[in-house]
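Below are structures written as structure tokens.
Look for chain A in each of the two complexes below; its partner is chain B in the first and chain C in the second.
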Partner chain A sequence: MASITLANINKWYGQAVHAVRDVSFTIEDGEFFGLLGPSGSGKTSVLRMLAGLESATSGSILFDGVPVEDKSPQERNIAMVFEQNALYPHMTARQNISYPLKIRGMSKADIDAKVAEVAGMLNIAHLIDRRASQMSGGQQQRVAIARALVRNPNLLCLDEPIAHLDTLLRARLRGELKRLQRSLGTTSVIVTHDPIEAMTMTDRLAVMRDGVLQQVGTADEIHSRPVSAFVAQFFGLHSINLMSIEGVVELPRLMGRFGGETANLPTALRPNVSSDAKLLLGCRPSGLDVRRAGEAKPSTDTLQVRGKVYVSEQLGDSLLVTVQIGPDTVQALIPNDRKFGLDEPVDVLADEAALYVFDPKTQSTVRFAPRTISPGLGNPPAVYA
Partner chain B sequence: MSTSAVIPNAVRSPRSASQKRQQAQEKRATLILLAPALLFLFLLSIWPVAYLLYASFTSYQLAIPIPIEWVGLGNFESIVTNPRFWSSLSITLVFALMAVPLQILVGLGLALLLNGYSRGREIYTSLFLIPMMLAPIVVGFSWNLFLNPIYGPLNSVLRGVGISPPAWASSPEWALPTLVLVDIWQWTPFVMIVLLAGLRSIPPRVFEAAKVDGSNRMQTFIHIVLPMLVPYMTVAFVLRFIDSFKVFDIIYILTRGGPGTSTQNLAYYTYDLGFGRFEFGAAGALSIIQLILLTFGTMAILALVKRRDKAPASAAPAATHRLAEGSAA
Partner chain C sequence: MSSVTASRPPVDRVPLSEVLREVLKHVVMVALLLLFLCPLLWLLLTAFKPYAELFNSPPTVLPVNGTLANFTEGWAVGGGKGIGDSLIVASLSTAICLVLGFPAAYALARRFPPHGQLSFTILSLRMMPPIVPVIGFYLLFQELSLFDTYTGLVIIYTFMNLPLVIWLLSEFIRQIPKSYEEAARIDGAPWYRLFWDVLLPLSAPGVLTAGILSMIFAWNEFLFALVLTGENVITLPKALASFFLFQQPNWGQLGAIGIAAVGPLLIISYYMQRSLIRSFSIELGGR
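Right, the complex of A and B next:
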């Protein structure tokens, strides 16, 4: 176990591709850390540099304060679970798991004991004499995890370990991996493009985009206080609604145009209006409300804009309503006691306290929503995501 | 119950009748399309083999105009009681068991070397394949010149560094090793290309996993690369074994089975019986014996590998199984 620090890490592939740009963060001892980002964001490169499979072009990596850039994966004592196809295909599960111990010259009795222990932890004792080709994808990944854990690594690297499994199995292994990590206390890093995975499994996570670290924090911090429109949109069960409002005027009520419709704006946003009379607002679907047209009265602390229902989807305990406003759409997550027909005219409402304000040019966050809904609270279960 | 059993049958029967008709039509079309190929196969392959089989039981002699008589197993008996047969068999086996393992060893080395080059690998691979593309006759004549005791370049080089060169193909001790050398030179590229394909089929993640597991290069090679190459080595071994068992051209060019009978393998012995002494009956019997030996030899090798590799871990062992079926047929 170790604490890990990355300082000003850069990675160039050839002259043209700057895959990782000046990334710095620290992973605490025993922490389960997530690297989240869309594909091509550089998250896997960061993990591979941590593991020692690739070297950084510049910058330093410290394990417990000791630089490890020149050390091999073995010297760093890291273990890794790959996306898929990384078991030794000619070996049985037992031989796969015991291989790292065997080449370290451990006695057969010790190896057998360790293998039995991890096989029990991962519920693969019954598969122990099968080869990779005789196991399902989920079983193979369990064996791969067992092989990683069998030698008590300083750092466990997980490269999208469950991305290729089906939804139910993924949800189950998510929980198992989290419990396993907690009980063993092994410092772990998981790379994923799935915000749910990152949110549910990790203690803290880093969001990356185009090789640049966007934000580091707990899932709750990133969810409630995203640093930019990108992070806000990428992170969460449902993507945040971005509303680009133009031609904001005060006569005397604050108003602007959104998707060609006139939008009533909360007076509190007056200081955030840009010099060219624009406002970039964000609101999570759980912060939006949808009412039949004319049902709600305009108020000075509510955003209100007219649209028509594009589609409304039952999510069991809630309703996801997509409303078309001119060329734009917004999504609202509301209690499922209401019903809307297709193309029914509606008013979309958002309390001032649920609105984020982003800079229209840089997209960075200008104002966090004073009241936020924590991930998981009042949201549908992950299976709908 | 009875109605539900009757109705589906009534519904099904007309469809199955039309299906049958269609199947029959397809069968006929298949037969017509295959007919030319089957005719050639019969004339060039099945008929000669059948005639060979027939001849092996007769006293067929081309040179002496005696009536052809059925002699039963007489030819087989006289062959297996002839010490020349046993010496030819041992020469055949020694040749195959010297040449093929060395080809696999050198081929593996070359494959590993080429697999390490990312730049220009295709060019090097093509260059290495040149010997394989040459006709064996050309190879034989080239080596004949190369090893010539008077103006051959190899001997000049050896003399230049102070080694007195052996007589190569004309010395009883060196003739067989010389033939082995030529076979290795010509056919190692084949083994190399098979093993290179094997190496390239190993997912890169497996190597990374080994690196992470703390496996050094030697351990990775012994515990991971080599076992994963076994199916490919088996294929190469079997194909090369069959080929070197019946090698003829380079012997014909370089040594003519000599000096004495020191390089006379079964193939050359058969040639000598058939076209040297025109004893077609005996030559036919010898061919049949070779066919049987080769078939059982190959099956034994594949059975060994199959037992070792009971659960196929990749597609490659399936290839060796197919090979087993092919050679048995």
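Right, the complex of A and C next:
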């Protein structure tokens, strides 16, 4: 177990590709840390540099304060679970799990005891003499995790370990991995492009984009206080709605144009209007409400704009309504006791307290939503309060 | 319309045109097969006929007085030496090809872009007609006292087969996901264990294919053997050819040695079919 520090890490592939740009963060001892980002964001490169599979072009990596840039994966004592092709196909599960111990010259009796221990921990004792081809994807990943844990690594690296499994299995392994990590206390890093995985499993996480670290924090911090429109959009169960409002005027109520429609804006946003009369607003689907056209009266503390229903989707206990406003669309997550027909004219409403404001040029956050609304339901917008 | 009964499950009706097409396909295949197998079959039958019977008119197809004498005599008059020498030269050159070729193929697969210049250059060495370098080798071998030695022929066959082995293996290794090697590095395996425990078992079908092909080429090779050896080293193809130096070749013995020459290849090819096809389809799939 170890705490890990990355300081000003850069990675160039050849002369042309600057894959990781000046990334610095610290992973605490025993922490489950997530690296989240779309493909090509450099998250895997960071993990591979941590593991020692690739070397950083510049910058330093410290394990418990000791530089490890010149050390091999083995010397760093890291373990890794790969997305695919993780197990040696010509060996049984037992041989796979015992391989790192065999390399270290451990005695047969000790190996057998260790293998039995992790096999029990991961519920794979009954698969122990099967080869990879005789196991399902989930079973293979369990064995791969067992192989990683069998030697008490300083750092457990997980490279999209459950990304290619089916949805149900993924949900189950998410929970298992998290429990396992908690009970063992092994410092772990998971790379994922799935915000739900990152949110549910990790203690803290880093969001990356185009090789640049965007934000580091707990899932809750990043969800409620995203530093930029990108982070807000990327992170969350449903993507945040970005609304680019132009031609904002005060006569005397604050108004602007969104998707060609006139939008009524909360007065509180007056100080955030840019010099060229623009506003870039963000609102999570759970912060939006949809009402039949004309049902709600415009007020000074809500955003309100007319649109028509593009489609509404049942999500069991809630309804995801996509509303078309000119060329733009927004999504609202509302209680499912309402029904909307296709192309039905509606008003989209958002409480001032649910609105983020981003800089229209830099996309960085200017104002956090004062009241964050947790994803899912139970917290319908209080526009009628 | 026939009714469905328990004793006779319904069978899909096949249109007549489909049946005819299948029949035609098989007729053509059988005809072609006969055309190709005929010489081989005749060789086999000849090997079991006494000398006198070969000139029967009209010829007999099956041996009337079947004999194994051709095999024992053929072995004595040069077949044995031929098989022994061919085995020595083919297996030694194949072993060297694999030992040298594997690391080269690995480097080519992992460090160079697929189907790049280097890969092509290496393969193109194999495209040269053997007759081109043979004079050069002859003079060189005279100077280096390699003429008519096992060493000389092993060097030549290694030179001849190495490009193919490298190319074949590198294409095969390219198909092995890197994550296996990375897993081994992370598990702490030093390079020789990575090679021995992970890389070699995973590339075994490729190694086998490359080995067999290299073996076959060396086993069949005639031109270099003819020019670069004399009395001391006599490989099987050369031994076979030497029969024609006598006024009247003993066809029976020739047939027996011929069978010994192609027999092992046929047996190996039959059993290795799958592995061979797999390797070749990997080549094609990699395009």
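Keep this in mind: the second predicted complex is superposed on the first by the 373 of 385 C-alpha atoms of A that agree within 3 Å, B and C clash if a C-alpha of one lies under 4 Å from a C-alpha of the other, contacts with A are read in each partner's own complex, and residues count from 1 in each chain.
Definition applied: a contact is a pair of C-beta atoms (placed from the backbone, for glycine too) under 8 Å apart; a residue touches a chain by one contact, two chains touch by 3 or more.
Everything numeric here is computed off the predicted structure, so don't read it as measured data.
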| item | value |
| --- | --- |
| Joint occupancy of chain A by chain B and chain C, clash or fit | clash |
| Touch count on chain A, higher of chain B and chain C | B |
| Partner chain in contact with A:Val366 - chain B first, chain C second, else both or neither | neither |
| Partner chain in contact with A:Ser133 - chain B first, chain C second, else both or neither | first |
| First, second, both or neither for A:Leu169, with chain B first and chain C second | neither |
| Partner chain(s) touched by A:Ala353 [first = chain B, second = chain C, both, neither] | neither |
| Contacts of A:Leu53 with chain B and chain C, given as first, second, both or neither | both |
| Overlapping contact positions on chain A, where the chain C interface meets the chain B interface | 51, 53, 72-74, 78-80, 82-86, 88-90, 99-100, 103-104, 147 |
| Interfacial residue positions of chain A with respect to chain C in the complex | 51-53, 72-74, 78-80, 82-86, 88-90, 99-100, 103-104, 147 |
| Interface residues, chain C side, partner chain A - complex | 177, 179-180, 182-189, 193, 197-198, 201-202 |
| Touch list for chain A against partner chain B, complex | 51, 53, 72-74, 78-80, 82-91, 99-100, 103-104, 131-134, 144, 147 |
| Residue ranges of chain B touching chain A (in the complex, touch as defined) | 203, 205-206, 208-216, 219, 223-224, 227-228, 230, 311-314 |
